[in-house]
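Order of writing sets the chain letters: A, B, C and D. Residues in each chain are counted from 1.
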């Protein structure tokens, strides 16, 4: 009946790192938000305040910048290098998790030609990665967030049960809009072309969203997840979180007007929230990847 | 090697409900943000788009408002009533989770007397609760978030290891500031005075934060968690997430000025993030409470 | 028909300064967000890129921290000292405007006694000030923002015109809620007790909000502004911006329930926005205070 | 020495309107945030609470949706129609200002072909417009906001004055990044091809940003503004607000590494804020456009 310390971890969060690759006159930029979380033999600092096993979060931040000097590459590779470093170099650290968000930029054009060193921030989704290493095994999650998509038709919602609190009318035509957050687990971290894999998964998600005639956002979610796994055998599992961003048809009848699916009110809250997982039935165990 | 549907849930999120209790001329207000998540026999809607087992999220929203008509009481009780309703009334729903955030308001005074129906929003933390019910058992989490606190002294950080990336200087006096997010698990959901329990836990957290001479934010975290469990035997476990909101001493030496711990720069990012659990070693299993 | 440079200004924005006053064991903290904007003889840097008249924004930031070393006092005084410094020390700077937001904190108690150096962030409004100096005259605005208030009754809205697009029902009882942003102009900057003036104005605003039986938010706005000017002869003018944070009565009739002003839905958007000015008819000219 | 009502206005803010144009199988969507502000003979509601001259903000919202039924077109035209309606139909309303933000979406492709009704939200800037009408004259502002751009070289900052608080080093190579907010005033509201004008102005801003070798952000601001006016004779004036989003070179020397302009820390706050106007010296008066 003692009071004890349970699971814990710590690290530096939201290190905002921008790298300019200047190998040629045509620059490339990489814009990251890196968060580190370390776990291990950390009871002392909790119980007595002794910090001799606590790699300072300031040191973690320095390490991120120093490692970036040699180049970043795919964020999954960069995250794995960092995670391995923390576990392999610190006896007290038994597990490291590195999360990286990558903001996308598009190259500007000047006079029709690609600008050599000018960019505009794109807003069509942020690439994400979570890398975990425990000294023996490594796990990689890739993903995307803040990817807002909309189908202006080919969405229905009907046939749902009606209890004493149900007032919603059935509809055979509605707007379906969501902001996609998806995270997928790779079967391996060896010799993966992470950039190609990400581009393909993003395309799979968008293709399935656009091509699915939807009777529910759940059906669309499943179609999106299944498409990713069908298109890439190296992905074992995908988890999706899809807010249903409601667009309500404006009632114009008081003004003597019809409204054949044209004028909508975009609501903020409340919203539906649909969350689901699609996976291979022979997928290896997830291990601590999702923790 | 088939592709299959895994864990999933859905519901209406962020239902913004305000209730006015008008029993007397002295009104009371309850300001809530309610999110429902339901799980169960939901494969059909994912696989075929058949919605006959999908209680519409709009219906869930209606239910929240209808249930509020009879009064709210403690948010834990209100959430339990809702969670039980969804599972007990819908054969396809096997588990319901209701999360409620409660915003605090303080009564205004006019001419020195408490105003009967006028309030100002307080900003000193939002009370939270997560209630889960599976048809047989119920689990209750209570908590607080957005509670920002600061100690202007009695905080040190030294004795940490120095590797090749370490540049941080040791300090024997720093500002310690954090925005507390804490969630604690109750051993039972029966006959709990939730409001008294919350008030006591909030006091325990603040007392421990203020009274702990800190050698690390981890030490403070453990002290805060332990205090809550020590003060309330009915709490089995607490999880804390404490961002270390760094305040850096401004270097005024270029201007011929000293700075004996007086002028600080409050940084946004990066920040340390310290997460930990304190629990009783004989605590009952958490079940799905934290899922 | 030439293309010319018009009005311009520049400066360092959002300098996050925290000061700890340690005069006694009982510490005090001051938590500020300071933004500087300078105007003057700045054509060169726009037209040729010559920066010999451009006091670097980094220098402005340094100045804020260095000036804080000697103490802050009321934010109006601190801002005036800064504004005067920039204009008086730089021949090219003809006007300086310093905006300061002050976040409020409350002292924690431990065991019933006030804690000597522990604080919690309060959320009941942020104090603001804007100080302008042109080398000859100074102007002071004080204000408050993010002060959210609610009356649960004593608010009506009826008698408005009904055109072909009007569907709103008249109401004799509604919730009236708003987030107050108010800025008031002082007749002088000499020998003002800024802290006392602010406290009084805040009280005036809240008292008038609570005590006004409201037929429109405009009426409440006017009452609030007039009260501030009535209570403090040294305030010449006040401008208020009041979003009407709508709370809609939930229609529970489909569920066989009445709803006598008890259960509301708090909407995010759209919202009404009511903006207005109350001033003395013999107020001195505002000069550049509001620019 | 009486206390009087000064300038005032009111309206419905942030009406979130989405229109689907279904003229063909290839849908188009228009995603707007519309805010209305009306001024006129509104003393009564402030002074007595009589609302007989107050067109309800709910009615304003309805009007926005009803007007959208007939089509939107360019947001400047839509805003002008609304502004004219409010002034022309309500004797008590003497001036209307309608602000519209338009969020951009890009059409998805499926299998290489443009999708007929599927879209992704783009994040490369929000188009804005502010239309003002006083019963006689109309004024149009167009603009863009949240357009984040970055040059990874061709930016210097040196030659600035050094006072006692200056510590900044001169640089001959830095990252220049900003989030553009620009608003420009048209010389007329008659027969303007608003969409073409906006596209051209956006291109002018980006071209000038990319092509300007910058000695200060002020120089870049002026070049951007001048380019817009040079490229479009129908634009009389442009105002720009450019935060200087600092990217600081990471000091890697403690780790035995150089850093030739490759690894940067992207800071949040404080930031420089550069604001300026470029206009024609024979521009007609702005009237109430910017109020």
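Methods note: a contact is a pair of C-beta atoms (placed from the backbone, for glycine too) under 8 Å apart; a residue touches a chain by one contact, two chains touch by 3 or more.
Remember, it's a predicted structure, so these values are computed and weren't measured experimentally.
Taking C-D and B-C together, the pair of chains sharing more C-beta contacts is C-D. The interface formed by A-C recurs in B-D: of the pairs listed in B-D, A-B or A-D, only this one shares over half of its residue-numbered contact pairs with it. Put simply, the C-alpha centre of subunit B and that of subunit C have 30 angstrom between them. In terms of their C-alpha centroids, the spacing between subunit C and subunit D amounts to 23 Å.
Residue positions 16, 62, 66, 165, 167, 254-255, 268-269 of subunit A each touch two or more of the other chains.
Taken together, the subunit A residues at the contact with subunit B in this complex read 1-16, 35, 37, 42, 45-59, 61-63, 66, 89-90, 157-161, 163, 165-168, 214-216, 218-219, 221-222, 226, 229-230, 237, 239, 243-244, 269-282. Across the interface of their complex, subunit B is touched by residues 164-165, 167, 254-255, 268-269 of subunit D. Partner subunit D is touched in their complex by these residues of subunit A: 16-22, 27, 29, 31, 62, 65-66, 68-69, 105-106, 108, 110-111, 115, 117-125, 147-154, 175, 206-207, 209-211, 247, 250, 252, 254-255, 257, 259-268.
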